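Paired with subunit B in one complex and with subunit C in the other, subunit A is shared by the two complexes that follow.
And now, the complex of A and B:
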């Protein structure tokens, strides 16, 4: 009995090795993934931590993001203009303020945690916008081809002919910037490349025998596109989703860094820009914000790469 | 080939027309008006509504939209982009002043990117799956995640702390008048932007080179007993570099985007800061001019890259 299993294990190699590894099945799978793709696992870890911070911001943040902490003013003396208390500004890391405080005496840790919610929220919204419209345009363009395809593709070319940052500046600075317009602007910039990938997937999918068969039995064009072609381009959509998030978070941070994003809720880009004003006396704000952006973008890129290898090794963005 | 170039050039013109039409409509469809903010700071004895109307009339903003659009497009074909609302100077002349620092920064960034990425990419591919390859690849992935403006801020911080050096805060000096001062102002943004672009080039070059190294003609070169240096530099690298060229061309768009932030951070009087200001002030002709200039250069650079691609690699034919 045991021998038989072992022999079967030798035949199926990996499956056989797993039979004798300790622990429940999913744990073994996780362990194997970490050993095979340490960077991808690291990325997924970062994504999980940041998602947790974003989801549970009210419970994890310890303080309110806008609360200004006060301490006794050592220069206080009755009868002078010195106030009794002043803002506990630009404090270094301590047990009370894990990452120090900013120029207004606000807790950097709380602002970072709320920044995670804002950053991920905006990026998610942008990507959903890009994928919703990008997929629709890509499918319609790839399915009908001909003059409609030509017009749509030239429109998309003209979006791509702008440097992304200029479009964003235009969209965000001209509409009174809110998180929603910011998100839509970022999604709009990503739209062109998303639809291009979807379109090329549709071009192959529409020639497949099952689509041909569906057409032959008289399916309508909308039904063909939604029921028969859409499931075939699901993999590229997921890949675009995972790879796009990192660059959208980066673009969002750049806009906030330039001071073009709303000042509430706090964002990492804004913190980095404020922090560099006093980095020579207290670098903790600047470092914490910059490292948060770096770690998050890196994590999303690594996780996206791993997911892409897993789902479809052929697709490459850029 | 000639036909292809002509067709692409004509298509590019269509794309540019679409771009400037988009900007034209986008600017006027969104709230915020130069005239309102301008009139607010003016004479007090006229009520603000009248003052605004006066300014609008001066700027020609009270004319029908179609007429404004016609003027704008016909001016575009004559090489006249109108006058800046804020300075009243021709946009064309202002763009010319602002172009030099931006172009210089982009060139320096590409130079740094290539100088760093090509040797590193070769090393990483030739020593595939050794610890050296892992370290180099990790650095490349790492640089993709670090925002160039954070690198810029870190460079400023650590240089002033450890080397007691920071870029000169004097006015920007032209390269041809005062190259030393100019380079001092340029070096940090060029390094910050160049390394980010270098990471992309390195990763791409590595994968291309790996592909080429497994081809038959490279095995033949090894079998002939050629030195490693000759096989890699002469035989493999030549073919691996061709697709990299396209990526470098595409990177120009990314670099132009990133430079908006870097120019603002390092106070360079380039197109980036100019555009940000103009957008904040609703200076329509300037915004239109910058967008037009950048879009035009990008689409034609892409065309040149595609043509160069076919020229370098005779297997590629455009129909």
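And now, the complex of A and C:
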């Protein structure tokens, strides 16, 4: 038995030793995470880089997103419509413009960095909306079950029955286009699937012995839901958050690509759309925006997968 | 020299030995970085310089069809449906041909309805008879005697489309067009007692008619209240269509497809919103002066609603479109012209333009200093470069396409606000700042139109420009095109930035928008001196005198009014497959009747692969 515990790395308590030995330091934890989940670590790295770009956009972007650059005009002719300098449009990557310039003579790198702020901001707003309402609905629905559950779930079914893009197009058409309404629209679309995941976790958690015990000693339903069930569904919420972020970034990019999202701040989807027309002659705008979208969505998905494994004790022990 | 295709360069270079070795050395570079940095094309990058200098005057590359019928179609090459690119399928506010100023709408009308006169060449001001058998006789400066062609019949769509005739068609019964129809069509637009009075957009033109008398079924005598030099233009203008009163309902409207029955070369088949407009050949069309040609040569045409460059390119390459032009990015046209030297190519200016309207009796835009500050701060070269990648021209109060009337470009480019030299721009921007401060440095709120997409896309850059030059706090919003027009009439959007069709004669450009008595004066301009100039140009029958008055009006607008800031218009890089005969680039909306001359040459080798 003793040998078995040592092999399992659980240690053996001796006299005077504290019952709860301090866990590994956070650096060691990070190291272990990287070793066990290299793809997840890569994903988290990407997420951190993008978050840094979003948070520190004014300092990292080098230029304003709308700053227009000029270059010497070879067709210059005094007194005509050909000035000495013309717009430095669609320039290739250089030391001055790391990812080149777009058709408006604006720096692609600066627009990417400002675009990170917009994409992450919209996605965070949307997910907060979806998680706040989705968790509330999921907990109430899963806890009470019965007719309330049935009504709420059919309502959610009806939301999911509509194609997400159709709902978004409708919302965009009916509301004033702004980042707030865009976030809420994206959050609304994500709401149904978020609450469904939370509800299924609640259905399991409400049958746990500690919840039964709390109920037996007379805890009220709100207390049971908030204090005893909610912490037990925190892991799926975190996973939903990390994986959902990627999908929402994609949806925002799709709306911007279609010209249905607010114009400012710059969006990766919009850059992709604008760069598409010059794919043959100068693909840097399109590639830069496409790579940013791909990397970010991939990063969030990998991070989400790894976190799910890491936070689920059943999978972690396998 | 044209910009080389990036991928062509890439593939040409990729297999050289040195390149392979160098590639191996740098092979450790990350995929993402390689992909992005590789886009530079090294030193070969040309930053997108277009092949044709945007500053050059647009010139036709291939001789185009002559002003009349062009090359007649051989009998064996008749038929087929022409596939064009256009926005006729965009659902406009109304289908009534007398109530719309929406270019794509009256382009469709121009295929279905006829006018007394028509423009053969708008650029040259060449007006020729359409329903009239000859140009109207003018016994004096007030009287016009219009003689109509005999045997012109209203269309019978059911004959061409099959099915049972509509109530409207039955009501007309394919009868002959008479002088009563012409009289009715003009009276309808000028009728002050009409329940739809506010909707007749050219009422101010037909309001100059004092009386009309039907001399006989084919002769109409029109008398104007005073001498009106552009009156023949009014008879050929965009809304001068002759309609049958049987299709007009009790509310004085004909806003329904079944009412689209005219005497033009094509019959309205269907309009599927945002997809396609379909027209079919009118077998009974009168054929202008050459009925023996039995035009239209084609069975019909389809105007496909495709409005982004990538889709247009794909559709043209696969011959789902027989002709095409760029929307914003001309590079693909340049590339395709190089790849397909047999294409018919023509660079033509386009009357549509971008502009700002102020409501000049509303603060803060009632201050001329502020309007002038915005005029000077706006960089027209930036607009052309950003919206159309250099393919455009600066726009004065009259389109540069109307060379007879527009202020000469040499003069325009010397004026503050239009000058593009670095030193001159600095001077203009400094003056703009000074004027803005003199106007009290108010906050600016701009309403941008949402169509075409490049207009709202430019909003952030324009905002930044005004903030940079004026030091102003600028806000903007984007509104639907139709909403802006409605709100402009109500005066609720005092500073707009939008796209407009452009017009076809001096009077169209200046009189309706700046005369204090005009219902289209949405800027609420009220300037007696300007009114007298506008009235004077209407009274001047001598071309040179009227031209000088036109110049004077434009100078006056730029120096003293600035209620509308005209920025720039673009030119289109047209292409057509060589089997498309009598191809004619459209520089203006409303000339689809020219398609009566188009035909498809099936003997052309390129025809075989047409979809």
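Assume the second predicted complex is superposed on the first by the 276 of 318 C-alpha atoms of A that agree within 3 Å, B and C clash if a C-alpha of one lies under 4 Å from a C-alpha of the other, contacts with A are read in each partner's own complex, and residues count from 1 in each chain.
By our rule, a residue touches a chain if its C-beta (ideal position, glycine included) is under 8 Å from a C-beta of that chain, and two chains touch if they have at least 3 such contacts.
What you see is a predicted model, and the numbers here were worked out from it, not measured in a lab.
Enquirer: Examine A:297 and indicate which partner it touches, taking first as subunit B and second as subunit C; both and neither are also allowed.
Expert: first
Enquirer: Using the superposition on chain A described above, determine whether A:272 touches subunit B (first), subunit C (second), both, or neither.
Expert: first
Enquirer: Using the touch definition from the top, say if A:195 reaches subunit B (first), subunit C (second), both or neither.
Expert: neither
Enquirer: Let me test your reading of the model: by the given contact rule, A:283 touches which partner, first (subunit B), second (subunit C), both or neither?
Expert: So A:283 meets both subunit B and subunit C here.
Enquirer: Per the contact definition in the header, classify A:242: touching subunit B only (first), subunit C only (second), both, or neither.
Expert: It touches nothing on subunit B or subunit C.
Enquirer: Who does A:170 touch here: subunit B (first), subunit C (second), both, or neither?
Expert: Once the two structures are laid over each other on A, A:170 reaches subunit B alone.
Enquirer: Using the superposition on chain A described above, determine whether A:257 touches subunit B (first), subunit C (second), both, or neither.
Expert: First partner only.
Enquirer: Thinking of the overlay built on chain A, is A:119 touched by subunit B (first), by subunit C (second), by both, or by neither?
Expert: In the superposition, A:119 contacts neither subunit B nor subunit C.
Enquirer: So in the superposed three-chain picture, is A:183 touching just subunit B, just subunit C, both, or none of them (first/second/both/neither)?
Expert: In the superposed model, A:183 contacts neither subunit B nor subunit C.
Enquirer: Once the two structures are superposed, pull the subunit A residues common to the subunit B and subunit C interfaces.
Expert: Subunit A residues touching both partners: 276, 279-280, 283, 295.
Enquirer: Quick check: in the complex, which residue numbers of subunit C touch subunit A?
Expert: On the subunit C side, the touching residues are 3-7, 32, 35-37, 39-41, 45, 47-49, 53-55, 308-310, 328-329, 331-332, 335, 381-382, 384-386, 389-390, 393-394, 409-410, 413-414, 420-422, 425, 453, 456-461, 463-464, 478.
Enquirer: State the interface residues of subunit B toward subunit A in the complex, per the touch definition above.
Expert: Where subunit B meets subunit A, its residues are 11, 14-16, 18-19, 22-23, 26-27, 30-32, 138, 141-142, 144-147, 149-150, 153-154, 156-157, 160-161, 200, 247, 250, 253-254, 256-258, 260-261, 264-265, 272, 275-276, 279-280, 282, 287, 290-291, 294-295, 298-299.
Enquirer: Mind listing the subunit A positions that touch subunit B in their complex?
Expert: Interface residues on subunit A, with respect to subunit B: 39, 154-155, 157-158, 160-166, 169-171, 173-176, 246, 250, 253-254, 257-258, 260, 272, 276, 279-280, 283, 286, 290, 293-295, 297-299, 301-302, 305, 318.
Enquirer: Inside the complex, what are the residues of subunit A that reach subunit C?
Expert: 64-68, 71, 74-75, 77-94, 99-101, 103-106, 177, 259, 263-264, 270, 274, 276-284, 287-288, 291, 295
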